[in-house]
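The first chain written gets the first letter, and so on, giving A, B, C and D; residue counts start at 1 in each chain.
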Amino acid sequence: MSKYQHIKQAAYEANMQLPKLGLVLFTFGNVSAADRDLGVFAIKPSGVPYEDLSPEKMVIVDFEGVTIEGDLRPSSDTQTHAVLYKHWPNIGGIVHTHSTYGTAWAQSQRCIPIFGTTHADHLTADIPCAPPMDDKMIEGDYEYQTGFQIMDHFAAEGLDYNEVEMVLVGNHAPFTWGKTPHKAVYNSAVLEAVAQMAYLTEQINDQAPRLKDSLIKKHFERKHGPNSYYGQ
Amino acid sequence: MSKYQHIKQAAYEANMQLPKLGLVLFTFGNVSAADRDLGVFAIKPSGVPYEDLSPEKMVIVDFEGVTIEGDLRPSSDTQTHAVLYKHWPNIGGIVHTHSTYGTAWAQSQRCIPIFGTTHADHLTADIPCAPPMDDKMIEGDYEYQTGFQIMDHFAAEGLDYNEVEMVLVGNHAPFTWGKTPHKAVYNSAVLEAVAQMAYLTEQINDQAPRLKDSLIKKHFERKHGPNSYYGQ
Amino acid sequence: MSKYQHIKQAAYEANMQLPKLGLVLFTFGNVSAADRDLGVFAIKPSGVPYEDLSPEKMVIVDFEGVTIEGDLRPSSDTQTHAVLYKHWPNIGGIVHTHSTYGTAWAQSQRCIPIFGTTHADHLTADIPCAPPMDDKMIEGDYEYQTGFQIMDHFAAEGLDYNEVEMVLVGNHAPFTWGKTPHKAVYNSAVLEAVAQMAYLTEQINDQAPRLKDSLIKKHFERKHGPNSYYGQ
Amino acid sequence: MSKYQHIKQAAYEANMQLPKLGLVLFTFGNVSAADRDLGVFAIKPSGVPYEDLSPEKMVIVDFEGVTIEGDLRPSSDTQTHAVLYKHWPNIGGIVHTHSTYGTAWAQSQRCIPIFGTTHADHLTADIPCAPPMDDKMIEGDYEYQTGFQIMDHFAAEGLDYNEVEMVLVGNHAPFTWGKTPHKAVYNSAVLEAVAQMAYLTEQINDQAPRLKDSLIKKHFERKHGPNSYYGQ
């Protein structure tokens, strides 16, 4: 048995959550699961339908993006995953989808404004939208550069990837992450729900104000602060 | 067997209706079931996924918000439930969700206008939207104050909780209630359906008029008046 | 066995199609099935959940609206059905729902414009929207008057109920009919699909033109003209 | 056994994908599967519900539109399929649906702008919208002319059917094709997803720019260029 079996299993299970949660059509998404001690991650093979997946088909890749184990070609977004794992040491799982509402906001090249407590329960900032890459980056190693585009945007906006576990890549689609692949998938579903609510909020009231700071702070601390009292 | 078994069972069954009716993602909702003779209610434990729930996991809390029985921490919204049970003596069940359309209206900080008979079959007023709390209330015991925010708004608007069994809390999400937890869940689903229809109505005709008084009166009396003739 | 068993069975089966087609929430809809020789129709009992229905629970009513057989109270919309059966001799089934998009158009008090061939395959006119009743009619026998409101609108607009098998009642919701209850249910689903498409069409292009006459004529004749060539 | 059994089976399986993917209501769609050596295609019979289909019920038609084998009348859109097979030699399957968002764009008589990489992964152009036919074409052999309307539009716009495997017919609905019926069905689902995202994109930002050329090129080449690296 592969010494990577545990992350293959974790990546498999997390990938299978995507169609169940309505976040992917066909193969338009992928999840990876990292083992930081081993310095590798398991990721979905490219273009394989979810119903044909198995833990054995997951591909093992290191943080430089080099395939270590596996018969299949890894997801075309693998270099983006590798870059984020390499530079953001607390991440254990990454998800990429083309979920409907999240992708629509990304195509609109707008951040998702924080309009309510559903959003604030998860992050205190607008969901950031990294601008499309410049042409030089696109012509280079595109997926590799996508990782830097995300990181550069977080640096420029003063965002902490430990607090803001999601991003829209302009003209493209969402990426989310977390301490575990399960948490990263959870964040993808939250992003999609918040994206739909924010869209509807603006349709219902085009002057809808952002959530006020005191409520942002309160709701986030309910779940995440030192005195958090949500969950068990 | 616990002497609270009947409300644990009722709360469990009502909670399990929420995902079935498409009203919750993950754990974003909760139902409680009260026994007025015993002066307590059973409520969902905090942050526990619906598929892991059982009647035994429900937490028993009194109307002051003090936990009476149960190994798990009760829903983070428990104090809101307690306040409403304490002050509104005819309520037997309360539901809180972040359902998509209801939450979008709450985030828009608008009441849901009464546009048709689907709405009027259930209440004769717009679905009220309580304004966001002031910062002092937020910094205090937030969920406890949410209960008062709802009651204050009903008092200010001259609304009767026996007639209007639902409210939006501005920037947050809907709460509904009823004589039984089953009725409270029913009201949550009605609110969501009415919220979607009202959104679409304004998109189709931004001059759509509110329902006229004679129709409001007629439809409500079909189901609720002394000469009601809906149902068995 | 009741001599009305065949229409009880037909009404039961047609009613059960409504939740399956996503056209009703809870009990917000009803179907009836007529036997013109016997001069009666079978209709859903009022307020009974679909999962509790059985053919035996259907109520038999004559075209004057008088209950002939059945232990339960018939649908609160029974008088509307009775009026339409009495005056429109070719109808064998009637459906009333509060389906989401159809109801939104009814609440908007607008006809649904004929924008494409999906619509024209079924009728050559806009889907009519009868205006809300005047207060005197509402205060009278409301459901009985609803039937006349529909018929009066068809007369005023020069519409033929054999060609246009559906209507929106302003501020209320859709009614559809057909030679059989099955066809009436089919028409309810068509109305809902067309209503959603028309809504989206106007959102995408607020100057979208109505379908031109030559295409209306062609598509309708494909399915309904003397030289029809759709179906077997 | 029919010598056409293989394409009957292929057409059957592809047709059954349409309701599964949520692309059709009732019988509002059809798929055909061609055998270029035999010079024929198998197509859904007209007006037969999907649940009643079987491979044996598929109708065999040649590229002149003449029925070769089968007891049932072929789809009313058969002549459109025949024209496209006859003139576009690389096509092995064709799909026609009235899917909700694709049809709404067709009714709006607008091309679907290329707003993001979901679109660019499949084609580098806007999804074209052929204008409604002139009255003379409509009055003639309508479905036959629909095929020419599509081809004429591709010629006028300089589009290559090998690169752009989908079209909206103005006021009508989408057609898609591909080397296989399976690929044609895949394209129908992609079109519907892209149509919904493009609609939402414009709602969220009515100034949303089209995808820039460098990104269009990059994403398309990932899947389709000589150095493609998507899939296995």
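By definition in this document, contacts are C-beta pairs under 8 Å (C-beta built on N, C-alpha and C of every residue); 3 or more make two chains touch, one makes a residue touch a chain.
Treat the numbers as computed from the prediction; the structure is a model and nothing was measured.
Computing the C-alpha centre of each chain, which chain sits at the greatest distance from subunit D?
Chain centre farthest from subunit D's centre: B.
When the CA atoms of subunit A are placed over those of subunit D, what is the turn angle between 0 and 180 degrees, to the nearest 5?
90
Given that subunit A and subunit B are copies of one sequence and touch, is their interface built from the same residue numbers on both sides (over half shared) or different ones?
The interface of subunit A with subunit B is built from mostly unshared positions.
Using mean CA coordinates as chain centres, what's the subunit B-subunit C distance in Å?
33
Using mean C-alpha positions as chain centres, tell me how far subunit B is from subunit D in Å, no decimals.
The answer is 46 Å.
Where in subunit B do residues touch two or more of the other chains?
Expected reply: 203.
Going by the touch rule stated at the top, which chains touch which?
Result of the pairwise touch check is A-B, A-D, B-C, C-D.
Touching subunit C in the complex: which residues of subunit B?
Contact set of subunit B toward subunit C: 115-118, 186, 189-190, 193, 196-198, 200-201, 203-205, 208-209, 211-212, 214-215, 218, 222, 229-232.
Going by the contact rule at the top, pick out the subunit D residues touching subunit C in the complex.
25-26, 28, 45-48, 72-73, 76, 98, 100-101, 103-110, 132-133, 135, 138-139, 142, 171-173, 199, 202-203
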